[in-house]
Amino acid sequence: ACGGNNNNANVNNEGEAGGQTAAPANLFEEMKQSGKIRVGLMGTYKPYNFMNENQELDGFDVDVAKAVAEHIGVEPEFITGEFSGLIEGLQGEKYDVLISQVTITEDRKKTMDFSDPYVKNAVNIVVNDDNTTIQSLEDFKGKRIGVGLGTNDEKYLRDVVMPEVGNFEIATYNDVITSLMDLNNGRIDATINNVFAIQPLIEENNFKIKAVGEPIKEDYAGIAMRKDNPELLEAINGALEEMKTDGTFQDIFQKWFKVDPNI
Amino acid sequence: MDLVLQNLDFLLRGACYTLQITIVSMFFGLIIGLVVAIARLKGNLAIRGLARGYVSIIRGTPIIVQIFIVYYGLPDYGINLEPLTAAYISLSINIGAYLSETFRGAILSVDKGQTEAALSLGMTGWQTMRKIILPQAARVAIPPMGNTFIGMLKETSLVSIVTVTELLRSAQLLIAQYYIAMPFYIAIALMYWMMSMVFSYILDRIEMKLAKAY
Amino acid sequence: MDLVLQNLDFLLRGACYTLQITIVSMFFGLIIGLVVAIARLKGNLAIRGLARGYVSIIRGTPIIVQIFIVYYGLPDYGINLEPLTAAYISLSINIGAYLSETFRGAILSVDKGQTEAALSLGMTGWQTMRKIILPQAARVAIPPMGNTFIGMLKETSLVSIVTVTELLRSAQLLIAQYYIAMPFYIAIALMYWMMSMVFSYILDRIEMKLAKAY
Amino acid sequence: MIELRHLSKQFDELTVLHDIDLRIRSNEIVVLLGPSGSGKSTLLRCINLLEDPSSGSMQVGDALWVHTMSAAEKKKAVREIRKRTGMVFQSFNLFPHLTAIENVMIAPMTVKQIAKSQAYEIAESLLAKVGLADKKDVHPSRLSGGQKQRVAIAQSLAMEPQIMLFDEPTSALDPELTGEVLSVMKQLALDGMTMIVVTHEMKFAKNVANHIIFMSDGVIQEEAPPETFFAQPKTERARKFLHQLTHI
Amino acid sequence: MIELRHLSKQFDELTVLHDIDLRIRSNEIVVLLGPSGSGKSTLLRCINLLEDPSSGSMQVGDALWVHTMSAAEKKKAVREIRKRTGMVFQSFNLFPHLTAIENVMIAPMTVKQIAKSQAYEIAESLLAKVGLADKKDVHPSRLSGGQKQRVAIAQSLAMEPQIMLFDEPTSALDPELTGEVLSVMKQLALDGMTMIVVTHEMKFAKNVANHIIFMSDGVIQEEAPPETFFAQPKTERARKFLHQLTHI
């Protein structure tokens, strides 16, 4: 009743049901038959994936998804949703892949397969303009540090940084914008974030914050899919390879980050 | 504020989903609540136990988990629901548990003498319930139903987990787009408030009408 | 399930926050609710209007927006609250609005004859309220308070927006880490359920104690 | 018309009615007297099967209830007996959400499935009979206690019972309002209705009853015509009861 | 002792009490009679200031209430007058969450700030006086109507009022229970308590009252000693009222 095109999650149920009962050996074949690849993403992570003024999905991830789909000969269908829904939606076959800045980690590899990385994100320490005391991770001790939910950074701080530098407090945020608002307000002393992601935010809101020091780590994001679909994995890796050579990646990186591909 | 006006369309579409989900789930929730309330009061031991368990589990666990299980858990048992269907089902089940308690209290509040008078006139238990008890219980149940309904209006926001873009999610998408939060949040707060006022108004009218006899 | 056990510690710490926030906000919510209920019943026109407006706005808007405004909006006016403080304040204000309606109904349900008897014995209005009306209203208010409390237990999950890692957020962090959702959600559903059972049990005991005289 | 045999009623350990035997013929008016707690209300409620007797049997018209019946048989017997009996309670048990005439119409319509228009006609004439034709569209909350009780009588009559049971129908009423209700009951008696009445109105008992039954402690102590009972009560308990009523 | 001058009470448009003048001396027992709706309850409630009279003035002992007083003065007058009057209602308005003795203790403790142990002693002796020493730890729900009403009398007496107001204290009671309450009231009268009693118990009126006041339509129609009133009522309305009470 509410202007159906808004609900971009109208999963094609016939294809789904057919997929389960006929049990074709190969998800990739099935996808080619239906001509569609269903892509899950958050939709709230500009400039990677977000909804633009025309209320269409847009961003780096979206362009990558479109290009990959084109290279393997299918149409992308985008489904946005809450983070935990995305995770379970992939396992529950509500869609085929996640292209939403999913960082490749050992933990995650236990439950899903990843393509070759398609972007490398440098993570920096970000502090208030006035702050001169925090320059590196060692300075975190006893401070209050913010990170975004759904990113891998919370685990990194807790399991890697904290044992090295001593205790500090971790605050997790639903989204990047609120973490930067609090950094600006002085409620947290620092955050670690991907500089690609926060540059436009800082400009838009006139936040008085800055990135300091060298990148503390580099995260590789990949396309996530259910385990045991070697054909699909192969096709996607093939597509990514082609995109690197045929200039597609070059265009997408220039369009969103004004740099050459870092992969 | 300009941004809000520019995207009013989009927000209104979200509000429409919110309203639609609320109304549909309320409708079925009312039916479930009534059946469960009567089951708890009049059923045999097994049925009463079942109804108690239902209320305890549903009220005791977060609705977000319930939605999650209906949408992402049931496919393991071959039940594959549309997002909106999953939202309707889980919210109806949830609202039904709360309303059953409201109804149970309201039914108990009707004087026992009313049942006796009806029985002594030769009515069956079921006729007594339908013609005598429920009409009187309805009046008592309206104010707490207001609480439940208005609460539910906002709980619908949790269905964004099954990829339905209702009002809150619409705002979050816009916030991600424009990197500005406060105006959108205030705008949707106003919309929720207006919707809740409409609900309150309707319930007040019904209450007044039912109270006319007293 | 192994993953859940490995991380039980972390989840329990979240549950502890949930419990702490619920109890603190309930305490202040009870006070606010009582004051507002009495204000609506006995206050002059201005106070009554104020109380009505408070209830309408707070019940009508999503709690997540209220928390957001308290935490992220107030700094614009120089008020910079700690996350937990912001959570306590916004939840107390919210719970107070719901409880005030419960209390108002309960106070109204006490027979008018009780007030008259107390006044005719020479008690002041305030003594009558405290010694005669409220003790009787408490009994009526317990069951709907159960609804509100158990509801609130789960609404605390929304304070994750101000970076408090309560139970639901703990689960979400683990989900982000392992990319597996269902077992964590089921585990926290069980924890919420257990907590709600404890609350129900305590309220039932209080209700039984208050009902002893009847 | 109505016959109770060895009827007993226990609540948990407490025996409230002991082995009651009672026969009432058609057109008889029986007044039931006894101190508070003697089991008068419980007896009426057993006759209407609002309480399930613990043992014994009961015949009302051609409907029979026996304690040893199966649950299904009992259920049917309950329905049959309730069809034949009407009951008016001490408290005003009208249905507050219905108007006076709707209160009278509801049972014929739901139980006997009589058409609305016909039920309306019946109800109208019954309300006229109890002197309330002008109050037919009023809700019970707008009626005085005496008026409520008269509507309740009309409500029972609408089911055309063979016997009417009254449980202190005037004890919550002012003396003036009491008069209204008693005169309706007198009229019913003159029309030949069989009635069992629990009341403290001694004048009514003296003037209208064919029999007085005096109960105490769940036992029928005396059964006699009113002249005999009031002039020469046989038992000590009845003498004491009558003494307390007449001396303050 | 108590004096009302030009007291009137209106509810919206409806005038319920018209310009009432009334004097009652210490140790007098006045019984107020009148048909339903004549304003008897309203008059008692005005004396206790549970209703705010629309005009006139009132003196109870040395406490004065005048309609033209300022709000603050009135508030003080209300408190003073309520201290001097005790009221027992038709319905049983005991506090259900308190035991019998707690019901009697609560007003002395909260209003007069009397220590608990002392309040307990007073309450104990008052409960003994109304014959309920053995029920002191029972909640009202476990008391019979007559017992409740006697606790209510003890509750009022605990505040040591100079005058007691009774509004149909026995009309919700069985005849047997009525006796209990009336005998407590008789005892009070013998003790010299000033009382205004609304009742339908004509024997009590005849035997105990010093004065009968007959009201109808919000006006005092007659005031006379009981012998005169019952033998030769002056007004037509009173004659009719007495006639209805004695004939059913």
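A, B, C, D and E are the chain letters, set down in written order, and residue numbers restart from 1 in every chain.
Here is the rule we use: contacts are C-beta pairs under 8 Å (C-beta built on N, C-alpha and C of every residue); 3 or more make two chains touch, one makes a residue touch a chain.
The chain list, named the UniProt way, goes like this: B, C = Amino acid ABC transporter permease; D, E = Amino acid ABC transporter ATP-binding protein.
Bear in mind that the values here come from a model prediction, so they are computed numbers and not experimental data.
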Which contact partners do subunit B and subunit C have in common? A
Tell me, which chains sit next to both subunit B and subunit E? C, D
In terms of CA centroid distance, which chain is the most far removed from subunit D? A
Compute the centre of every chain as the mean of its C-alpha atoms, then state which one is farthest from the centre of subunit E. A
Starting from the mean Cα coordinates of subunit C and subunit D, work out the distance between those two points in Å. 51
Starting from the mean Cα coordinates of subunit A and subunit E, work out the distance between those two points in Å. 81
Whole-Å distance, subunit D centre to subunit E centre, using C-alpha means? 35
Two or more other chains in contact with one residue: find those residues in subunit A. 84, 88, 91, 178, 181
In subunit C, what residues contact two or more other chains? 72, 181-182, 185
Residues touching two or more other chains, restricted to subunit D: which are they? none
Chain pairs that touch, as defined at the top of this document: A-B, A-C, B-C, B-D, C-E, D-E
Seen from subunit D, its contact residues with subunit E in the complex are 35-36, 144, 171-172, 174-179, 182-183, 200-201, 203-204, 207, 241, 244-245, 247-248
In the complex, the residues of subunit C that touch subunit E are 111, 113-114, 116-124, 127, 131-132, 135-136, 139, 210, 212-214
Quick one: which bits of subunit C touch subunit B in the complex? Just the residue numbers, please. 56-57, 59-66, 68-69, 72-73, 98, 101, 105, 143-144, 147, 150-151, 154, 157, 168, 181-182, 185-186, 188-190, 192-197, 200
Can you list the residues on subunit A that touch subunit B in the complex? 1-3, 6-11, 13, 16-17, 20, 43-46, 50-53, 55, 79-82, 84-85, 88-89, 91-94, 175, 177-178, 181, 200-201, 204-205
Of subunit B, residues touching subunit A in the complex: 10, 13-14, 16-17, 20, 68, 71-72, 75-76, 78, 80, 82-84, 160-165, 169, 172-181
